[in-house]
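Multiple structures are listed underneath, in structure tokens.
Look at the two complexes coming up: subunit A is in both, with subunit B in one and subunit C in the other.
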Partner chain A sequence: MGGDAVVAETVVLAQDDLPFPPSVEDFYLPGLFGAYPWITKFTLLVWLAVAAIIIFFLVAYRKPKLVPTFGQWIAESIYGFARKNIAEDLIGHEGVRFAPYLASLFCFILLTNLFGIIPFIQISPNSHIAFPIVLAVISYVLFNYVGIRRYGFARYMKNSLILPAPFFVQPILIPIEFVSTFLIRPFTLAVRLFANMFAGHVILLVFTLGGVVLFNADSIFVKPISLVSWAMAIALTFLEALVAILQAYVFVVLTASYVSGALAEEH
Partner chain B sequence: MELLAQVEGSLSAVGYGLAAIGPGIGVGIIFASYIQSTARQPESARLTQPFVWVGFAVVEALALLGIAFGFVFG
Partner chain C sequence: MAGDQSPQRNGRPDGNESGAGQGWVAMSYLISGIAVWGFIGWLVDRWLGLGGVAIAIGSLVGAAGGVYLILRRLGSP
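The block that comes next holds the complex of A and B.
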């Protein structure tokens, strides 16, 4: 009997004081300035990311030295990684001309993802699907454009839709290939990044706010469990760091492999 | 009719738990295969790594669609 009362009390406390459980509404932040409701934290963060990346690379390459400074070393490592390990390894020798795009994409996604765990920022613009959609559309247009420019529209379509297979499976195969290449690819590219950042933020909210709810509970035996909840939140923050890097890498690797598929001679 | 048991709210969380089984197995198979192939032929580790991540991302997309649709239709 007493246990029931405690549980009920906990839930009421949660609903009064805290937005618990977290919901989609937590992602719609109010405008920063009253008169301009469209300037939200996300707007600011995206411009901050763009400015930070531009300034970092400009400063790092302003006076390039033979023995690099620390900043130049970081910048060269990132660009070298995008150029050698992604562009050249996946697209081949001609992939070098896509290295600048892949490197910028990687830096931008990585930085905006990491905003999700940097203290006091702690939300990633990519947890709103609008931003991943724009990135995915750029990659989608890019790989179709290079494919069409290389082969012309008809041959590009033939290359990407008609696989070497017996003629009687083609009626099934061509629609499947069309859907997977031209519809599913950009969709999953956007949704993957969005869902990872969204789910990561929700998980952190659940454990942080859940800790507060447990701490506010009446029972003395329930209160200490909040420490477990907060410890989980800290551990999951490190997991989110891993996810942020991994998703930036995956987005760039998939873009590179789509470009390489569009440029490939035949299947 | 007398109510004996009642469920309130959304079943999205349960549904997502079910939806995550398949991708969970799939991701497990991908990394298991990568470990196995690397153990058999260590020099191929660098070569197959991009495919591991691409395959992982494609399989994981199913689980992530589950998260997204859980909120969309929830």
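The block that comes next holds the complex of A and C.
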């Protein structure tokens, strides 16, 4: 039995019963209610995440105890982490007033990211570029608004664009500063989160569906390889858990560091 | 708790930004330096028909500018 023949027959099998290999189309989910395209699984997941976070924090803080219950302990740890380790460490004392936003952002991104690996949900809204774009726009508006309100538009621009450097290099540096601060920042903020969740989902699809395709192959020698593929899918699910936490953290840390940059005195 | 508030933590980007934040700042300076001046070089190239020389010069200038910005903003004062 030649390798070519094996590949040919698995591919043929794949074509008639499974959407394999996965493609970008898999991320454009159909509307849940007939032809009405505005409510998809993503929409429901976002509502679910918002509701879950609100309910969790309301319940956890409803009757606060001096010796916290488990739920209260979790809620206090998350908020305390966002407040001390992100807001205060990166922005300073006045960072405390951004702690609620940073904590909400962290919880929302973390939960929606984790949807990517929770059984039977298994897709994260953040793997569709629209959701990270909205999150990045919120952070972008926030740090610019904060900076403009503190210094006024002209001085904020001067703070962010002009470094103490010899005047003849300023024409080279100012466009770089401008693009880096006002164009690349929101773009990378959105794309980093999106790309990580998108790639994670594609990888899990490849190994899970690939296992099915291998298992359906006619050759008895190919079938066992599906176990390897599924084992890889399980291992990568744990990796995705790590990525989900890390990306939520990175998004919040970068938001905080942009706010801190906007609030800082001139450089 | 009130005793450990170090006074220099006032949000200056120079000293106490997180490592990840500094890394991303450095990367975005490098990329945007090369992108901006490479693009301007490309425009000049289109305009004068230099066959790629202006793009090369632009990217080099942009990379140098990006490195300079990293040094000024993240290097020791």
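The definition used in the following text is that the second predicted complex is superposed on the first by the 261 of 267 C-alpha atoms of A that agree within 3 Å, B and C clash if a C-alpha of one lies under 4 Å from a C-alpha of the other, contacts with A are read in each partner's own complex, and residues count from 1 in each chain.
As a working rule, a residue touches a chain if its C-beta (ideal position, glycine included) is under 8 Å from a C-beta of that chain, and two chains touch if they have at least 3 such contacts.
Remember, it's a predicted structure, so these values are computed and weren't measured experimentally.
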Quiz item: Touch check for A:218: first (subunit B), second (subunit C), both, or neither?
Solution: neither
Exercise. Pick one for A:165: touches subunit B only (first), subunit C only (second), both, or neither.
Key: second
Self-check item: Larger contact residue set on subunit A - subunit B or subunit C
Solution: C
Quiz item: Once the shared chain is lined up, is A:183 touching subunit B (first), subunit C (second), both, or neither of them?
Solution: second
Quiz item: In the superposed arrangement, does A:265 touch subunit B (first), subunit C (second), both or neither?
Solution: second
Quiz item: Between subunit B (first) and subunit C (second), which does A:95 come into contact with in this model arrangement: first, second, both, or neither?
Solution: second
Quiz item: Now for A:253: first (subunit B), second (subunit C), both, or neither, which partner does it touch?
Solution: both
Practice problem: Take the contacts of subunit A with subunit B and those with subunit C, and give the residues found in both. | Solution: 89-90, 188, 250, 253-254, 257
Exercise. Over in the complex, which subunit A residues touch subunit C? Could you list them?
Key: 88-95, 163-165, 169, 172-173, 175-177, 179-180, 183-185, 188, 250, 253-254, 257, 260-261, 263-265, 267
Quiz item: In their shared complex, at which residues does subunit B touch subunit A?
Solution: 50, 53-54, 56-58, 60-61, 64-65, 67-68, 71
Quiz item: Which of the residues in subunit C come into contact with subunit A in the complex?
Solution: 5, 9-14, 16-18, 20-21, 24-25, 28-29, 31-33, 35-37, 40, 61-62, 64-66, 68-69, 72-73
Practice problem: Flag every residue of subunit A that touches subunit B in the complex, lowest number first. | Solution: 24, 86, 89-90, 188, 191-192, 194-196, 198-199, 246, 249-250, 253-254, 257
